[in-house]
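Right after this note come the structures.
What follows is chain A paired twice: with chain B in the first complex and chain C in the second.
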Partner chain A sequence: MSEASRLGRWSMLLWVAPAVVLLAVFVYYPVVDNILLSLYRWDAFSPKDVWVGLDNYVNLAADPVFWSALFNNVAYAVVSVVVQVGGGLTLAAVLEELVHGRLKGFFRTVYFIPAVISLTITGLLFQFIYNPQIGLLNQLLGGLGLGALEHSWLGESATAIWSIIAMSQWQSIGYVMVLFIVAMQRIPRELYEAAYIDGATRPQAFRRITVPLVREMSVLAMIITVSGAFLVFNEVQVMTAGGPNNSSHTLGTWLYKSAFFNDQMGYAAAIAVVIFLITITVSIVQLFLNRGKVVQY
Partner chain B sequence: MAGNVARPNHLASPRGAVTGSIGRVIAYVVLIVIAVAIIYPLVWMTLNGFKSNAELFGDAWGLPTKWRWENFVKAWNLGVVRYLLNSVIVTGASVVTTILFSSLAAYALTRLRIPFAGAITVLLLGGMMLAPTVALIPLFRLIQALHIFDTYWALIILYTAFRIPFTVFLIRAYMITLSREMEDAAIVDGASRWQVFWLVVMPLCRPIIVSAALLQALFAWNEFVFALVFISDTNLKTLPVGLLAMQGRVLSDWPVLFAALTMAAIPMIVLFLLGQRQFIRGLSEGFGK
Partner chain C sequence: MNVGSETELKEENVRTTIRAKRPISRFLALAMTAGLVLAACSGSATPAPTPAPSPSGPAASTEPAASPSPSPAAELEGTISFLHKYSDPRYAPYFESVVAAYMAAHPKVTIQIQAESDQGVKDKLRILAASKQLPDIYFSWAGDFTKKFVRGELAKDLTADVTGAWKDSFTPAALDAYTYDGKLYGVPITLDAKYMAYNTKLFADNGVAVPTNLAELLAACDTFKAKGIEPIAFGNQYGWPAIHYLTQLNPYFVPAATLQKDYDPATGEFTDPGYQKALEAFADVNTHCLTKGANGISHEAAQAQFLAGKSAMHYLEAVEFFALTEKGGAPAALAANWDFFQLPAPASPAGDAGYLTGAPDGFLVNPNSQHLDIAIDFLKFLTNADNAAKLVADLGWLSPITGSATAANTFPQNVTVIENINKAKGMAIWLDTVTQIDVANAYLNGAQAMLDGTKTPAQVMDDVRAAAAKAKAESQ
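Entry: the complex of A and B
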């Protein structure tokens, strides 16, 4: 290779340089730095870091708020998989199979709309829906004769996180449903024709054709909802900021509060490491599953 | 069995058409109930924007007695206009930079024989696994050290950096499928790589660029963590954080807050309704391999 063309080949790195530099400086470096920072005690305004080894992690393990935040993330993940993936799959199948033409587009659009709205907007909106005085939820329960079930939904430790999780299902189910619709539209109609000629019912066709052939999307939807559940921040910060009594924290909001209110930056970095380990594990599981057996059509 | 209902897509129909039609009615009722449950809170939000405080507290389910547009004017002047402008600037700039840098990288990875192509691909796409929260604490230091704390730049740069992986992924997958005949012809005709990129490849990639731009706009418009941590000047806040600040500023005049929420929700809903097909194509290209 001549000197000139070798130079030419290296100069082609300029094409990727902006992307690589931005990623290296603002994504990879901070993620690695975060692991180091979790080994120090430091706060936002003193530049002096004190090496504390694994102390932050020891404190983490003994911190009840950390465990309840982790539990809340797990609850978020479990409910989201059942409602969004299970419900989204069912809704998509019903829409694809039973509804045709413009009506199908109408339902799809309506279900999807909340997913494009900022979580701050929906969070503030649901603060009012859950409001004990003017809130729609208590009034609805009262109107149905279920007044005994009324709560100060976001104001009680027992109900706060579940109320937030419920809001999140309302907001995101349409998004997951659209992912399934996209996958289902790739299934050849002939498979259903053949099954129906052989005397299959719709539920049978759903179980034996639709579900196996959207398996890949189901895995992907689960990965998206689970890793999303461990990154939840916006809606909790808006609706309760982790309260009452720190009962509705997620790892994200507890990290934020530790860093910027309690001024324990090293401790917050340790929480970030935990979030990192969880989300990276989920990603690796996805890579692993994608290489596995996939139903072909 | 078949024939009582027009069913253009079905040559054969499932067994049990009678129970099927009852099932169909039940399914429709369920679909409609869900649609109402999903859309009603948003309708309620909009209607509340027109109410007085007394109406809101007196009759939460009722319609406003008159259309109080002044609530919207008040919300607009109380900060919505400022936050909207900030959101437009940050979103617009990050869409341009993200699409530009991602397209350049995708082109190089699919068309040029660059050194370390494999490692660079892994680096760029692997970024999809890293979440903003995980980098938040070190970024707090980095952004201050670079003296871009409390500037649009902080958000524009971070929104670009964290979304390049997904955007490269989308555009790269699309470029791989493109036929190279036109590019080869252009090169034979003496066009430079740079000209081929701008005059041949980018126009061919238009559909995926539109999809990627819409998804980036959706992300940047609604992003919350970085906007909360890296902007403290009220005049620079974007909508998701600004609205939170407005909660305290409306002085319990809640209909004004509802008016603000409604106005803030409209741009993305309109963008989605206009670009629905491109939105969904982006999702399906991104996830539906």
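Entry: the complex of A and C
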């Protein structure tokens, strides 16, 4: 290897070293440390940690709240992919193809505004909407003669998590829509013109041109929504704090409650390890399935 | 189709390279990286709480001997941190003014206030305790919540510090709430009790008398319901409002000695049938009186219904009474027409109807504080007669300092509360702070499930007994 080449390599390492150090200190070290902490029983008040090996994981497997929380996260992910990715893509296509002029910009803004509102504020807003006595939703249902459908949306085990998921879709669909709009604007118009000349309808053009050519963005959107679904915390904590009766807990809020209310730090660390394994597995699988594939026309 | 080389799409694995074409981009990258590194290494912009030194090794497992602090006669000098849970803009100014007055009187002392919310302080305390960075003075509820700090050797024994005239100025029950194994660990600053506030006009207009027992309460609720008036405004979003009902019902149905045994994690069993009867009584109150769907309503939203005159009653703490006064922002129609009564007991209680739900709030001192003298002197200042009277006048709260609340500095209902507390046989501390956390959770979740209709009182008690057994095993 020539001297210049060796110097070039060292120069390259020097440039990336600070970022690597920061990542190592603030990301990878805490992950490894957390795995070690999950093998102990300890809390904020105990003077020493007690080695318990895999007991925290055994307890996790037997904990009905853990499984309920995991189910809630999976439900969150499934609904988010369908509504945010599917719905966001459809909305973007409609705005790009069917809406023109100033209306396009207007609707883009309207759909995007929820994404910039603080999660805490949105949670509080929807608490009012879901209030069983004076909330807008029950008032609307009553006004439409659908009083039988009224619920204490955040106060019933059967509806609490779904109400939170619905709020989350309202907030995030605009953000994903904008991502897809950016991707669609990179598609050459000639492809659509040629397709229409050949007799394709708009839905066919959407299926055969738009969807394949925004695949990279679709993969990114799915990674973001699925990871986000497994990391969700603010919405649940603000709206229900995991209640009623632990029914709306997600892994994030159950981790938080275990650590800071139940004084089970080691157990909470085990939940964190599970979240880490799930999110990294899902991301790797998605990236693997969609690696480097780009459609050619 | 010719789409041009720039947009040509190829089916292959794509690799991208980044080339910094100009030296200036390398400079910018270096500057940004340096900025990141410096930012990561620098201290935070806001002053950090005074870190407590790490506790020593196994020798520290024995109870540290209570040692009186140095005499405050020498000029005090140093900085201490003071964590409280009264960040609400209605309450925070009082503490800021007291701190400012203390610092004015002690120019070489700085007190850094950390104000948290009622919910926020619960996890902040645990974070600070786990990272051995508890402030010099920090808030704690009475009961097992404080015991956690005591067991973890994170609370100073104040027995030798709170003595003489200072000790005598407190209502004894308030000090008792922070006394464990004969040692005092906390300084109470408020007295609190739970009462049923009622709209006197609604009661009078509908011919309803103040109930004297549980059956009469249920009948009163039925009367209001029949007339389209919500009997009791109730919001249970975070679970503790329901717990406050159970805190009062348990002493009515279970003998005091049994309660004391069961609330201790080392001996708790919860086998007395009175516990289930208390839950059944709560279920009756819910059926007849409480707002439907309460798990989805916050306590504050429920209180707003009562303030608006849409509910006949509302179960709240004496520290919240101020909100029912005109000075506290209540509508004039309600402010002039409310009073209160204790949640009535059943006609023939198996327990003791003389117990009143409530507890003082107070502060603990970090035993590893570098300035114990300042911490204790400040707490003495905070609880002197002038500041106690100011707390009563400014916040409408009750102070545990005897004689601090009079007709001259507070509204009539508060004076009645003091008389009532003095007549009580004892205080029943909040069920979710007096019991071990697993037992507290069993009650919190169980009460929510009962309101939700997904659990029966018997099932809730099964969970409570299981939690008590687990707590007992862990304590041994």
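Here is the rule we go by: the second predicted complex is superposed on the first by the 267 of 297 C-alpha atoms of A that agree within 3 Å, B and C clash if a C-alpha of one lies under 4 Å from a C-alpha of the other, contacts with A are read in each partner's own complex, and residues count from 1 in each chain.
In the analysis below, contacts are C-beta pairs under 8 Å (C-beta built on N, C-alpha and C of every residue); 3 or more make two chains touch, one makes a residue touch a chain.
All values derive from a computational prediction rather than experimental measurement.
Contact with both chain B and chain C is seen for A:Phe26 once the two complexes are overlaid on the shared chain. In the superposed model, A:Ser157 makes contact with chain C only, not with chain B.
When the two structures are aligned on the shared chain, A:Thr120 is found in touch with chain B, with no touch to chain C. Once chain A of one complex is fitted onto chain A of the other, the partner contacts of A:Ala272 are limited to chain B, with no touch recorded for chain C. Contacts of A:Ala61 after superposition on the shared chain: neither chain B nor chain C is touched.
By the document's definition of touching, of the two partners only chain C reaches A:Asn245; chain B does not. Using the contact criterion defined above for the overlaid structures, shared-chain residue A:Trp15 touches chain B and also reaches chain C. Touched residues of chain A were counted for both chain B and chain C, and B has more of them.
In the overlay built on the shared chain, the residue A:Ala205 is in contact with chain B alone; chain C does not reach it.
Shared-chain residue A:Val82: touches no atom of chain B or chain C. Shared interface residues of chain A, touching chain B in one complex and chain C in the other, are 15, 18-19, 22, 25-26, 44, 133, 194, 256, 259-260, 265. Per the touch definition, chain A reaches chain C in the complex via residues 15, 18-19, 21-22, 25-26, 43-47, 127, 130-133, 151-157, 160, 188, 190-191, 194, 213, 240-241, 243-246, 256, 259-263, 265, 291-297. On the chain C side of its complex with chain A, the touching residues are 1, 3-4, 7-14, 29-30, 33-34, 36-37, 40, 55, 60-61, 122-123, 125-127, 129-130, 148-149, 151-154, 236-239, 291-298, 301, 305, 437-438, 441, 445-446, 448-449, 451-452, 454-455. Within the complex formed with chain B, the residues of chain A that make contact are 9-10, 12-13, 15-16, 18-20, 22-31, 33-34, 37, 44, 91, 94-95, 98-100, 107, 109-114, 116-122, 124-126, 128-129, 133-136, 139, 170, 174, 178-179, 182-183, 186, 189, 192-194, 196-197, 199-202, 204-205, 217, 220, 224, 227, 231, 233-234, 237-238, 252, 255-256, 259-260, 265, 268-269, 272-273, 275-276, 279-280, 283.
Contacts from chain B toward chain A in the complex involve residues 7-16, 20, 23-24, 27-28, 30-31, 34-35, 37-39, 41-42, 44-45, 48, 56-57, 60-61, 100-102, 104-105, 107-109, 112-115, 120, 123-124, 127-131, 133-140, 142, 157-158, 160-162, 164-165, 168, 218, 221-222, 224-225, 228-229, 239-241, 243-244, 247, 254, 257-258, 261, 264-265, 268-269, 271-273, 276, 280, 283-284, 287-288.
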